[in-house]
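Sharing a structure here in structure tokens format.
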Amino acid sequence: MSPATSIQLALALPLLGAVAIAVLRRRPDLREAATMATGGALFGAVASLLPHVMAGGRPSLSLFELFPGIPIAFVVEPLGMLFALVASGLWIVTSIYSIGYMRAHEEENQTRYYISFAVSIFGAIGVALSGNMLTLFLFYEVLTLSTYPLVSHHGTEKAMKGARTYLSILLSTSVGLLLLAVAWTWVIAGTLDFTDGGILAGKAEGPILVILLALYAFGTGKAALMPFHRWLPAAMVAPTPVSALLHAVAVVKAGVFTVLKVIIYIFGLDLLGTTGASVWLMYVAGFTIIVSSLIAMQQDNLKRRLAYSTISQLSYIVLGAALATTAGIIGGGMHIAMHAFGKITLFFCAGAIYVATHKTEISDMRGLGRAMPITMIAFLIGALSVIGVPPLGGSWSKWYLALGALEADQLLFVAVLMVSSLLNIAYLIPIPIRAFFSAPADGSAYPAFKEAPMFCVVALSFTAMGCVALFFYADDVYRLLVPLAGG
Amino acid sequence: MIEHLPVLQIIVPMIAAPLCVLLRRRLLVLGFAILACWITFGLSVALLDQVLTNGVVRYEMGGWAAPWGIEYRVDLLSAFVLLLVSGIGAIVLTFAPRSLSDEVPVSRHYLFCSVYLLCLTGLLGIAITGDLFNVFVFLEISALSSYALIAMGGRRQALPAAFQYLVMGTIGATFILIGIGLMYMMTGTLNMEDMATRLAAVDGVRTGLVAFGFFTVGVALKMALFPLHVWLPNAYTYAPSVVTAFLAATATKVSVYILLRFVFGVFGVEFAFERLGLTTILLPLSLAGIVVASTVAIYQRNIKRMLAYSSVAQIGYMVLGISFATATGLTAGIVHLFNHALIKGGLFMAMGCVMLRLKSVDIDDMAGIGRKMPFTMAAWAVGGLGLIGVPVTAGFISKWYLIRGALELNWWPVAVLVLLSSLLALVYVWRVIETAFFKEPSERAQTATEAPLSMLIPTWVLIGASIFFGLMTSRSAGIAQQAAEALLRGSP
Amino acid sequence: MDTVIGLYNYWVVIFLMMTGFYIVISRENLIKTVIGLNIFQTSVFLLYITMGKVRGGTAPIMADGFDVYTNPLPSVLILTAIVVGVATTSVALALVVRIREAYETIEEDEIRAQDRA
Amino acid sequence: MTDHTILRVVTKLLIPFVLLFALYVQFHGDYGPGGGFQAGVIFAAGFVVYGLIFGLAEVRRVAPARVVEIFIAAGLLIFAGTGVVTMLKGGNFLEYGALNPAHPAEGQHLGILIIELGVGITVAAVMIAIYSAFAGRGRA
């Protein structure tokens, strides 16, 4: 299979899957089988690109020109490869989990749910593989719109309100700021192709660079940089699998991925390194890291706490990008994968707890460890990975991030990373600790063993093991990403 | 026959109109009128093709040579507008039969078709003629027939609405007539091309300025440029759905065409923009129109009226592009003229479907309608996204060129304002989508069923086209760009 | 003085135009609006016709002994414009008749009041 | 007004002359002042006078709404049809010369005559239609 065919397949499969799901809407079993089959095939198609990229190739595909000089084009580079792998791989796991969750919950409109999910993955893959900024922007918006029905899934007043916040922030930042930035870049540089070393060098300087970077950074609302972070907690009204895959992996990672891409291929590390145009962004990211961690500590709703944690973790990646150093970029890129596994595990656990016990508040979860030991152990693993404790994947990305900060002589941000790790411990670790070692508040006892449906447990165990595995395979990720900084 | 294409474009609908009166039998007339519209569309496709391969096509009426006789002159812009108008005309009339029998007494259908075809004749005539006075005549043909069409609306409010439109339209047309008269006084010709060359020799005297002023105000009235738009919301709200869809997609667009033709084809960029400073008038008006009309749209409960206000805002976008007076800006204006016609036509047709089933287009009655009429409302939603300018829709293409145009001139605030105004569109579109899809069905909506295929298919054709031209832009933006460049060069 | 007397035709045109325009915008009665509209249009007809006049010229009919003719084109144009004007007036009056049937009044403020109710 | 004998008699006498005058204006149009517009209006004036004196019903009996409608359409078709014929004969639309290729000037006379006839028919019919529509309002 030629790389171009793989790209075509990777884009077409989710859409075909969506059609198949729609056709099979009256047969739930077949419908879910279609989802799984699509997921498997998609992962296969994406994975078949990996050898080419590892060998230093950049498979590409150009469709047609949207505007003169700006085609809809796809180029597979290391960062996109990593993101596509993570998104498509975790889709399979999430599908398994969804089956357990949605059925146990007897949710309505399941077909709409699965269709929207497939289209969202289409958007995420498109973002990952896009070869120029406009293509990326198109898929970015596809992702925004296709996740709206998922967030408003329950149709209650609360869900509608959350979905409205979600959509209005994401659309207004992207249409209001990001599109402006893209158009401006086009006017300045005359191209929007992602090019090694950037396209702005020598064409823009001084305050324009800073303003442009600000438009990109804040315009990418999905990166949840403060003050445009409120959509993420609002999106937690969605069913948990949605929160898990989309709001811990696909959507938010698409955001930080965009920031990384912009910094590497639009601005270029050298340009930012020499002009220092991105220094302010470090402060914004650092501020977001600390403040959202503090907010997370005050949340009693588990999903909301995880959401604020996500905001904080996303800013790690933005920080890595803003440092504009080799290690920073690699750390940021790696964190896409590491945080994805860790956070999806945590969300899966939150969903499993909800399905099994209908509990959403952390204060109600004392003593739960005895009833749901597997879930709680997985939660612990996920939490440790997010904190960055060896031998778990998260430790590597934090290591490289810290290295990047040192490389850029930004000692302050090494401190920020330290402090935030402490904060992570403070808001994540008490949950499993209390689950195992405290008795329920009202004195009642949990049944000896009452896990969530099998589908859920399988999925969350798998991702927890992934966190461990990533620690040992981090070297491969490193080798994949290293060409990024080399230029 | 190929050399007669330009005139056939006009006389096919013109002859079909009286034939409709003679045929009289409802089905016969409808079938015949639809056929005539599609033939007209075919002709304009052929004409565009001819223009693309051979350049400007000319036709001398009655064999009288220009500039003495009336000349039909089809350049790229004309051909583009002709294609748009005849295409929309054909699709909307195909959509019409079912909707009409619900909103207009059956005994009047043959008259409706006849008047509709006359209106089409007028609109096409404006786009094709190279004679300034002829523009006025065709303008009045289309205007008079549109007053009649609007007055056919089922509710009595349609009558004052049509009357108001008539008064405003006549004032506008008379202003245009004064402008034409003064231009004739100054140059002694009515042929636009000839006028442009002679005007250059006259070296802009005061008469020219006055003529320019009258003409611009007249056209602004006709195309509902803010704040001269007051006739539009009522007219669009109370006209029969079919008429609204047709007029919204064509009438104001053709007026924009007149503005383009007059400003660039007759006066030339230099005179209009550098000496008269047209930008200082058009720019603030269009921006104010965009913001004010979009905001007003948010507060409308009648969705047809909401879309009407949105039209006023969208006219603002087109004029904004024109006011840049650069290739990119003009491209934005022209391509938006095209894209918005598709989008708004589709949206109003979807509203026609809703009207058919619900007998109301009030937002309260439309709650939950998305579950009962999924295909209709899906079309509406896609069209709505186009209004916002979401990527993959045609609306995005227009917005892209507009922003680019503003940035090329370094007009920061304009670009920002354009983008912010999309958010206003987001609010008014999303209000409807949310009500239609995520609320419990209202009492009326409970009994509603999906619209008939005869209406759904044409609606989706337009909506589909708006997606198609959001991706394949070489035929829309590409032609718009060529036309824009030709306009900036002035008449050959 | 020349501008006042020498261009008297324009002053007539302007006077009529403003009169018509004023009636259109100030009257609530629909019939009066239509009349105002007519005056407004007529002023433009006059503008065209006086503009075609050539001093010392006769009616543009070929005859012996005349060399100077009035420009016939503006008159022809205005013939068309008059027809358009008649058509507009009749459509307007037809609308007024139907408005009166539907609302029992032809006063704009009363119509608005009824619509609001 | 149906009781006024003098009016009735005078009207009856007058109408043929009005119509005849209309025809004169109509067919004199290509040589002197005149033409379809004026003729049509004069012709319709005859009907209007008739209607005023003898009542609308009488006019409708002579010229039923449907017939008037057909005449409006027919006049337009004569106009446009002439143009089509000239096109078929190898000229441009409304290039009258083509009607008689041997003598273009003759063709032009003929063309104008036919065109004006079309205009006259339409104008007369439209005027009658407008009159009867307004006068008939409210009487069903």
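Of note:
Letters A, B, C and D mark the chains in the order given here, with residues in each chain numbered from 1 onward.
As a working rule, a residue touches a chain if its C-beta (ideal position, glycine included) is under 8 Å from a C-beta of that chain, and two chains touch if they have at least 3 such contacts.
Remember, predicted model here, so these are calculated numbers, not experimental data.
Centrality by Cα centroid goes to chain B. Here C-D and B-C were compared by C-beta pairs in contact; the pair with more is B-C. Placing every chain at the mean of its C-alpha atoms, the farthest one from chain C is found to be A.
Distance between chain centres (mean CA atoms), chain C to chain D: 25 Å.
Centre-to-centre spacing of chain A and chain C amounts to 70 Å, using the average Cα coordinate of each chain.
Chain C has its Cα centroid 28 Å from the Cα centroid of chain B. Taking each chain's centre as the average of its CA atoms, chain B and chain D sit 36 Å apart. Interfaces, counted as pairs of touching chains, are A-B, B-C, B-D, C-D.
Contact residues of chain D toward chain B in the complex are 69-70, 72-74, 76-77, 80-81, 83-84, 87, 91-98.
The touching residues of chain A, when paired with chain B in their complex, are 64-68, 72, 137-138, 141-142, 145, 152, 155, 160, 164, 167-168, 171-172, 175-177, 179-180, 183-184, 186-187.
Those residues of chain C that touch chain D in the shared complex are 61, 79, 83, 90, 93-94, 97, 101. Listing the residues of chain B that touch chain A in their complex gives 385, 388-392, 397, 399-400, 403-404, 407-408, 415-416, 419-420, 422-423, 426, 430, 434, 438, 471-474, 477-478, 481. Residues 21, 24, 30, 33, 37, 40-41, 44, 47-48, 51, 73-74, 77, 80-81, 84, 87-88, 91-92, 95-96, 98-99, 102-103, 108, 111, 115 of chain C are the ones touching chain B in the complex.
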